[in-house]
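Chains here go by letter, A, B, C, D, E and F, matching the order in which they are written, and residues are numbered from 1 within each.
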Amino acid sequence: MNSKLKNIFGFKNSIKKISVYGAIISMVALLPSIAFAQELDTGDTAWMITATVLVLMMTIPGLSLFYAGMVRSKNVLSVFMQCFAITGLMTILWVVFGYSMAFDTTGMEAGVVNMSSIVGGLGNAFMSEITFDSMSGTIPESVFATFQMTFAIITPALIVGAFAERMKFSSMLVFMTAWFAICYVPMVHMVWSGDGALLWDWGVLDFAGGTVVHINAGIAGLVACIMLGKRKGYPTMAMPPHNLTYTIIGAALLWVGWFGFNAGSAVSAGTGAGMAMLVTQVATATAAITWMIVEWITHGKPSVLGIASGAVAGLVAITPASGTVGPEGALYIGIAAGICCFFAATSLKRAMGYDDSLDVFGVHAIGGIVGAILTGIFTAASFGGSGLGDNSIGLQLWIQTKGVLFTIFYTGIFTAIILKIVDMTMGLRVNEEDEHLGLDLAAHDERGYA
Amino acid sequence: MNSKLKNIFGFKNSIKKISVYGAIISMVALLPSIAFAQELDTGDTAWMITATVLVLMMTIPGLSLFYAGMVRSKNVLSVFMQCFAITGLMTILWVVFGYSMAFDTTGMEAGVVNMSSIVGGLGNAFMSEITFDSMSGTIPESVFATFQMTFAIITPALIVGAFAERMKFSSMLVFMTAWFAICYVPMVHMVWSGDGALLWDWGVLDFAGGTVVHINAGIAGLVACIMLGKRKGYPTMAMPPHNLTYTIIGAALLWVGWFGFNAGSAVSAGTGAGMAMLVTQVATATAAITWMIVEWITHGKPSVLGIASGAVAGLVAITPASGTVGPEGALYIGIAAGICCFFAATSLKRAMGYDDSLDVFGVHAIGGIVGAILTGIFTAASFGGSGLGDNSIGLQLWIQTKGVLFTIFYTGIFTAIILKIVDMTMGLRVNEEDEHLGLDLAAHDERGYA
Amino acid sequence: MNSKLKNIFGFKNSIKKISVYGAIISMVALLPSIAFAQELDTGDTAWMITATVLVLMMTIPGLSLFYAGMVRSKNVLSVFMQCFAITGLMTILWVVFGYSMAFDTTGMEAGVVNMSSIVGGLGNAFMSEITFDSMSGTIPESVFATFQMTFAIITPALIVGAFAERMKFSSMLVFMTAWFAICYVPMVHMVWSGDGALLWDWGVLDFAGGTVVHINAGIAGLVACIMLGKRKGYPTMAMPPHNLTYTIIGAALLWVGWFGFNAGSAVSAGTGAGMAMLVTQVATATAAITWMIVEWITHGKPSVLGIASGAVAGLVAITPASGTVGPEGALYIGIAAGICCFFAATSLKRAMGYDDSLDVFGVHAIGGIVGAILTGIFTAASFGGSGLGDNSIGLQLWIQTKGVLFTIFYTGIFTAIILKIVDMTMGLRVNEEDEHLGLDLAAHDERGYA
Amino acid sequence: MKMINAIIKPFKLDDVREALSEIGVQGITVTEVKGFGRQKGHTELYRGAEYVVDFLPKLKVEVVVNDSALEQTIEAISKAANTGKIGDGKIFVSAIEQSIRIRTGETGDDAI
Amino acid sequence: MKMINAIIKPFKLDDVREALSEIGVQGITVTEVKGFGRQKGHTELYRGAEYVVDFLPKLKVEVVVNDSALEQTIEAISKAANTGKIGDGKIFVSAIEQSIRIRTGETGDDAI
Amino acid sequence: MKMINAIIKPFKLDDVREALSEIGVQGITVTEVKGFGRQKGHTELYRGAEYVVDFLPKLKVEVVVNDSALEQTIEAISKAANTGKIGDGKIFVSAIEQSIRIRTGETGDDAI
């Protein structure tokens, strides 16, 4: 229970100087036995309920719209359906075992690597231990558990973009269930569950989910789109977005909702949340404008899909950094994300030839990696960040890189194994005729627009 | 004034064990005279302003989109127009007399049934008593009044779905004005205004509006669609939704906004709100997945409209229960709602032959009834609920059933009378030619899409 | 720094009687030296983060949708692109110099008119003085700066509606940059930065931005649409909105988000925010219904675009008044806004012959003027407002009028100069062929709908 | 063979299709068109500006039949599409010189 | 009777309709089509992938006139739709063997 | 001159256009239509109510060619549009009496 509280306040090991709640961290550290008795703060609770609502909105309708606009109209509903079903499914899985396995800290000890460093137990399965009284720091545990649930919803939903327009709905559900249990829940545990957790003990800084959410989903997306194969006709046939207005509306809702994601990760309504909000806004705007400029230069005109993609790239990249960098660092991270993701989603993709339908890898994996690495630099007090404690920039960079590499390999391998098994048992891909007809009619007997 | 405060904290009579704010309830009970002097809590206020915003968003654009997507494109604007006009109209009516008549407690006394048990007076008409200082518990009265206003907006708006595509706009406005005064305001008063109110004194548990909002609107919808008659061509002519993407976006916004509805009904940012958020999410997800599965089994494929309808059914059903059940109860309520509403909106509707265009009865009345009844079971501490006080499950079930039946008959009868009068004086239905042309052009000289 | 705090609490000079935070104002006034040490209030912070999110949502996707629906489909993306690019650009400009120049108070002294009364200095450029600890009253300065940033985003974005469908994208970016620096930032400074600021010292009441935001943008829009000239074919060729559902969804999101704008301008979660929410809702609803009725009478049918426009007109008009009027005043302001803006956007526009594509002048300038002037009346305690202090209604009316006239001339002149220069150097308008083809393809190589 | 080109009111499509099915016509092709004719359009409103929309939504039904079926087909369409109100539409008949079924390569009457 | 089938640039519709009204043509039917011809399409962009869209939006205007009005009608359309720039479109004329007004059953020239 | 009127499956458009380009056809006009024929439609679902949608999305490709190019063009379209599955569509040929290029006023074969 205790570690959950620490998680709330960020990265205890590596960050010493985080004003306001710095004091609270020490308090928690000194008096672990009374931690549970911390009093409810209505302001923190008000913000965290709101943040939860915002993160849910990121998936439905935010991400759904962002993705749905980019597919062909014959598949528009299938994207909504996948996002909606994932929302429902992950909620149930999170209640049944996810929350327990992610945040259970039984058997964990700082510096000790054992099975509990990877994943928690089932003691809180069915949220049986959450009562009307349970607290997580200064907020009700019900709020903390629901807030984290919304992360467990959006992460698998992000992957949808990679295999859009060709995956079987039933196989998707099975894949997502397994991926949630094997890739998502353990990553949460390893990064955020506190002393004794693998990446936490390494000192990896990941405030709101660069590794856990974006690299995790982005790599899974890459593996998935390669294993499913290209869409029929790709890349010779043009497959333009059927409704870019949906995509830009979705990008806007992602932007808006992301404040729940990043500022919510402070798990309190204090200066940490405030600064997270500011740097999120700065990095996002910068990445959007950067992508726009780069595209303007390379292609001759700036595009709506470009500026929207740039904004999402910025949001992704600032995510791991949003608790520890200042406005200056955010500017640099935004620029880096805009440039790197632009080239990943355009040149790199075409050079490599995989068909990542909606650029989950190019935006989320690359953006997440850029952000996770740069967090190691711009958290330094010399760049206006909250400081690296005793670590040098070089050391922190190495720690961050280790975290990134671990995530890539861990997720890459397990995603491939899961997909292979699903493919062999039930098949991953719809048949050619259904792909032709479109998934809306083929899988759901519906059309988006009558 | 005092009773408003009690309402804030839930169901004083029947629920004793609600941790954290349990203490506050006692305090209020002990010191009613100083209740008005309760201090403003910025956290509670922050949450309640946000909750108000969320509930408004449920109607515009949430519900509007949910409904608008389901009609034919020639009527798309008429749905938006009706929802928007209702939003404006109810706001004004709420200010002019609704708030006063709903929450005025003059002449009320616990256990005494008199006229004041049914509806309040006009002492606070035009909100003349709300000053910059007025408080309602720990939040400004201005916030409480606006929060409740958003409920007064969405309830009539829900009915729109039943008579969509055929009601005269002017008659709709007149009907809604009368319905608000005769059916909505008294129901609020009878259920939520505290000691001496009819259903409150019976001990009916209705945290966020199972009877007041959903059964009320759902029954009114059924009556309205029967009295208006079927749409020309129904059911032989196919009338598929013209834009299911709007419907699913609308469902998503309803889901997101509903946290304002349910967690906002705690009127504070504490553990009550937190648990309401969690159980709302759980029941909604469960109902969505349940509907999906049932449809998959019965029809062979799961549909977007199905999962969206399931989600709304779950939201409806958990509404009365959201203050008093735990995650386990929420799971069961979600399953029950998914199954019952599925059959009500599909088999039952076709068997009975009424043309409830967008299934207001099947989803809201049935979902509301399922939720209201099951609240009597899952509030029990043995199911992880907050407890039924001295009542046995059997007794509470009977109380809940009484509340449901009362609502059905009260609303059913008065809705029929109002509609009859409007029909005789100005006519309820557009003429055939206008129905053919579509209400957008016929009633508003506009088209949704140029 | 100090003046920023005062700004937070409204209009110190002229408003004495604002309950709850009245006390705080005095405190601030008495103890300016310890103001900076004010403690963080988590409730206020929770609300202000949320309010910031809401105001951002007003621009993307709110305003974007509202505007995008009204243009022809060949220009739909250009509107989204302009709003998105402005969001990114203004964020960066605000960080780089805007925030500093708007809220720097060096050299300001009550009653003294000097250069610092017009615009602040660059001491806080790049937000270099905002640390993790900085406070603005009871909230982190990072939150205050981001909240104000969202105003700096939406104000230029509002102008887009006036020159829609014909302005060059590159010229738009240059114009907006200059306009932000020359028209927006100084207006913020003059109205909101506290003692010594020009309009503040005059005693102009502008709680949330009647002059700063709406008249400012509305006048700029009028100047811009006149200087760019009419769209090819206007007014003989019909240019109906291509998707009114977007417009009404956008209006709904503006309505919902505006609570962040107005109630957020209280910079705290207290009675001021609560009353701002209530009066905003009342005025908006009243204006929407008023426009509907006026249109129904004059044209014979009420329209969706009408009720949506009415709602926006109400939102605009209540903005300057939202901190100081009561529900009664809000009703009157709503009625006035509905009537005046209706005639401005219909009869006046046609009589004058300018092509204000989406009625930025008719709704925002006129609505802003109506609101700013009426604030002088309905703030009076006799109308249920918070009171005019020592000023008579007549005097306050004159002060308000002075503020309005100043804004009109200041912005009108500088907007014209900027546009003239941009026109001479790079040209304001796309060529005829591009206008024909539509800006989506011509400027962005994209189409909204495939 | 003849091509029958019928402009009808949109809501009459189902009736027309059924009427054609009854007389054994197995294929038709339908296009959404806008018609301008004697039937008056409607007024639309945009911020106080009223403008008349002259073009009305119609459907164009194309049917190719062999010569012998011509009269019967025209009859069927006429009857099914008739409301007696202005704007019911027109039927135009022209000659088809050749017909090919892409799938099989059949030509002439077999391809209809 | 003749069927005139004109492919024109979309923004020329109002001009064409007016020109036809002037010479007394009372009915036309318009379809949105996509044209492929000498006129070059445009490039579109999607995440760095440029692709050429060859098909351009055009309108097809169908007018049935009696033989005597043919030349005049072609003339009117040609003039009204002309911009002198590539892509102005084509006019194709074919024979109509029969015409029926659905509402009244009138046939031939009366039905036009 | 002849007008070739081909109803094809939508996803075959690119193939057809290329086939026509290869044999030198320089202009075509394409319309989205709904086809009703032997090919079965699909079922759609709406709150438990299943209904069959008989009309399938098809494209109508119109090409005017001079008489000598007729056979070759039909051949090209037939081949390119063929999948061998039901619903591949039809080709109808009719006579065009006159052709005008609006831009230049050219007529006849020059205008194609």
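In this text, a contact is a pair of C-beta atoms (placed from the backbone, for glycine too) under 8 Å apart; a residue touches a chain by one contact, two chains touch by 3 or more.
Just so you know, these numbers come straight off a predicted model, no measurement behind them.
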Mutual neighbours - chains that touch chain C and chain F alike: A, B, D, E
Comparing C-E with D-E, the one with more C-beta contacts is D-E
Chain centre separation (chain C, chain D; CA means) in Å: 53
Distance between the CA centroids of chain B and chain D (whole Å) is 48
Could you list the positions in chain D whose residues touch two or more of the other chains? 31, 44-46, 50, 94-95
If a residue has to touch 2 or more other chains to count, which residues of chain A qualify? 41-44, 46-47, 50, 240-241, 269, 299, 301, 303, 305, 444-447
Can the chain contact pattern be summarised as a line, a ring, a star, a complete graph, or none of these (other)? other
Set of all touching chain pairs, with the criterion as stated earlier: A-B, A-C, A-E, A-F, B-C, B-D, B-F, C-D, C-E, D-E, D-F, E-F
For chain C, which residues count as touching chain E in their complex? 237, 436-437, 441, 444-447
Which chain D residues qualify as touching chain B in the complex? 11, 14, 42-46, 50
Contact set on chain C toward chain A in their complex: 40-47, 49-50, 52-53, 56-57, 60-61, 64-65, 68, 76-77, 80-81, 84-85, 87-89, 91-92, 95, 126-127, 130-133, 135, 139-143, 145-146, 149, 169, 246, 269, 443-450
Chain A residues within the chain E interface of the complex: 235, 238-241, 295, 298-299, 301, 303, 305-306, 309, 342, 345-347, 349-350, 359, 362
Quick one: which bits of chain C touch chain B in the complex? Just the residue numbers, please. 17-20, 41-44, 46-47, 50, 54, 72-73, 240-245, 248-249, 251-253, 255-256, 259-260, 263, 268-275, 277-278, 281-282, 284-286, 288-289, 292, 299, 301-305, 307-308, 311, 326-328, 331, 386
